Amino acid sequence: MSKVDLSFIFAVLTKGVMTTVIVTLGACVVAIVLGLFVGLTRVSPRRQLRWFSIAYIEFFRGTSMLVQLYWWFFVLPIFGIFLSPWTVGILGIGMNASGYAAEYVRAAIQAVDRGQYEASTALNFSRLTMMRRIILPQAMRAMLPTWGNMLIDVLKGSSLVFFITIPEFTSAAKQAADATGDYMLFFAVALFGYYIIARALITPFVRWLERRVSRGFVREQVA
Amino acid sequence: MKIWDWSYVWEAFPYLYQGAIVTIEATLLGFAIALILGLVFAMIRQSPNRYVSTTMAEIVEFIRSTPLLLQLFFVYFVGPQIGIFIPAWTAGVGVLGIHYAAYCSEVFRGGIENVDGGQWEACTALNLSRTRTWRTIILPQAIPPMVPALGNYFIGMFKDTPVLAAISIFEMLQQAKNFGGNNYRYIEAITMCGFFYYVFSLVASAIVQSVRVWLNRRYHLQ
Amino acid sequence: MSEFVLRFEDDLTKRPRASARRDELDLDIRRSEKVMNEPIVRFENVTKRYGALTVLDELNLEIARNEKVSIIGPSGSGKTTVLRMLMTLEHINGGVIWVDGEPLTHTQKNGQIVPASERHLRRVRAKIGMVFQHFNLFPHMTALQNCMEAPISVLGLSKKEAEARAAELLDLVGLGDKKNHFPIQLSGGQKQRVAIARALAMRPKVMLFDEVTSALDPELVGEVLNVIRKLSAEHDLTMLMVTHQMGFAKEFSDRVCFFSGGKIVEQGPPSQLLGNPQNERTQQFLNAVLETR
């Protein structure tokens, strides 16, 4: 392996990692925003809104993520909509994950103790205030661990943009391995790379968030 | 040009049918591996030796936080490099199984830990043997609550099978894509694929649901 | 009369929603003379069913202003349902509940009685406060914040006003020093006292107590009952209480109602109902309860 090769390979891998991180972050934002929105409409008292969100969740959870990516990538152009691979990657993965996120939001909201709803009624809160001040803060705490898993799923899912021609981390590793023939090395590097991103970035971040919102749920020192 | 052309639907059908058989076979075989291997993982995690159990926990965590696609590449391409040739089908089904075994082992562990501690104490107090405790007391209470989670992973695995296309296994979505590429018509084949995945998920979750209800009634839980 | 009650009155003029306030004032002026003699709560043929099970069967019950009423009875007799319907936590299947001269879950429209809008519900509900068996404090808020949240977001008080009111009420229930504790850091009795302060912060005319001591350890029951005792002695409040504490019911209430099978079987002054019950079922119930003591 010559020196030129090595720096070239290093550049490819770095670019792949960056791509994976950007797609993951973008898709996470899409998933969280849409997931919260759809999850809230899922528990809305308005039937039309509930039906919309049920259809949304069913569509994005029921069909495979890769089917959805192909749909955005190969089918939308028929309708004259041309999305760049990047848009497809971020929106496609994000919307797929938002179907799951919406279900977590719904489950967490419905898991809040019924007494909290009753107390809110007794104190005459409007539905909006009840949701915003009483129910969501408690639901947030319950859903954060599941969101941690979802973020890792998004990270793993980002490897699928390989199929729509974006050179992310997995395909960069494959490219490097193909060029040098050393599959063991480069795939091992990639496996540990993903593992480190998941365990050293995502997990501690979610833990930190959990600590921030768990105020009042654990005994703590009061000044 | 029509947006949706039924003649392509009929033309694509044989392709998708072939692919669907591959997809379903891979899912069933893969899930069987996942269940057995998952149980093994879960039992190793219960090991009294702390090093063994933490190593197992870390391995499970590793498998769960790296992409299936990359694991597939690793097994399929690294084998030949060290002189072992693994056929694509074996590698594909094996990796699916190992990947989901990690998830299943967590379900098994959680299910067993969720059985009330008092049940163990009652079994000790009644002087039941260890195997009898497991077989007649613990497992009947532990398994029914696991069924929904295992069912979700079964459906999840089904929806992950398109990844196998990366090592040139012609499962359903790959067939649809090939059909689309040959005819310059993607919409019908890919939509049909999506529809099929959806129908399969519905059928599978209905089955899981009825198994759960049956188990709960069988063991008078809830 | 104490300062607490004075503030209670001027609250009506502080309501944030101008239209709601106008309605209320109009109604008050129109009815001002006869209102004071009218019962504040009136159940008229109220029926509640869960499927085939009838929990309350054509209940008729009137509660006068400032009256303290205890409801006793075996479990499943529908006594908690009475409170929950009054708090609009349960739908009613028949009849009308009148609160302060207005139907609670209905409005009169062209002489017809139709289901009420959310706005109407919220206006009438403002007159009622409730304390629950399991406290239902908001776990993510301190005791003070628990008492401030609703006055701020429902009554439109400023943060400062709400804090002053909450602090005053926490003092009233003897928890002035626990203001910044979270519910998890409080004992059951303390939690229940915060819950009482939280309900009072909304300045209700009617307070509902739903088995407020049933979830408490025996040694913590007294502190909660003392707070209720103090409230009833010092303030103009209509109180409706479901309880298993016969001694307290006897001392505290103007009237005791014995519920059984979804009906009021017997009611009367505590000395009579608890001391010399006429109905056979009341006798059986009281014997059973007193024997376990």
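Just so it is clear, A, B and C label the chains in written order, and each chain counts residues from 1 on its own.
Definition applied: a residue touches a chain if its C-beta (ideal position, glycine included) is under 8 Å from a C-beta of that chain, and two chains touch if they have at least 3 such contacts.
Keep in mind it's a predicted model, so treat the numbers as computed, not measured.
Of all chains shown, A has the CA centroid lying nearest to the centroid of every protein CA atom.
No other two chains have as many C-beta pairs in contact as A-B. Distance from the subunit A centre to the subunit C centre is 46 Å, each centre being the mean of its Cα atoms. Separating the CA-averaged centres of subunit A and subunit B is a span of 21 Å.
Averaged C-alpha coordinates put the centre of subunit B at 54 Å from the centre of subunit C.
Of all the residues in subunit A, the ones that touch subunit C in their complex are 113, 115-116, 118-119, 121-126, 129, 133-134, 137-138, 141, 215-220, 222-223. Only residues 58-59, 61-68, 70-71, 74-75, 78-79, 152, 155-160, 162-163, 170, 173-174, 177, 181-184, 187-188, 190-191, 194-195, 198-199 of subunit A touch subunit B when the two sit together in their complex.
Across the interface of their complex, subunit A is touched by residues 87-89, 122, 125-126, 128-130, 132, 134-142, 149-150, 153-154, 180-185, 198-199, 202 of subunit C. The residues of subunit B lying in touch with subunit A in their complex are 3, 61-62, 64-71, 73-74, 77-78, 81-82, 159-163, 165-166, 173, 176-177, 180, 186-187, 190-191, 193-195, 197-198, 201-202.
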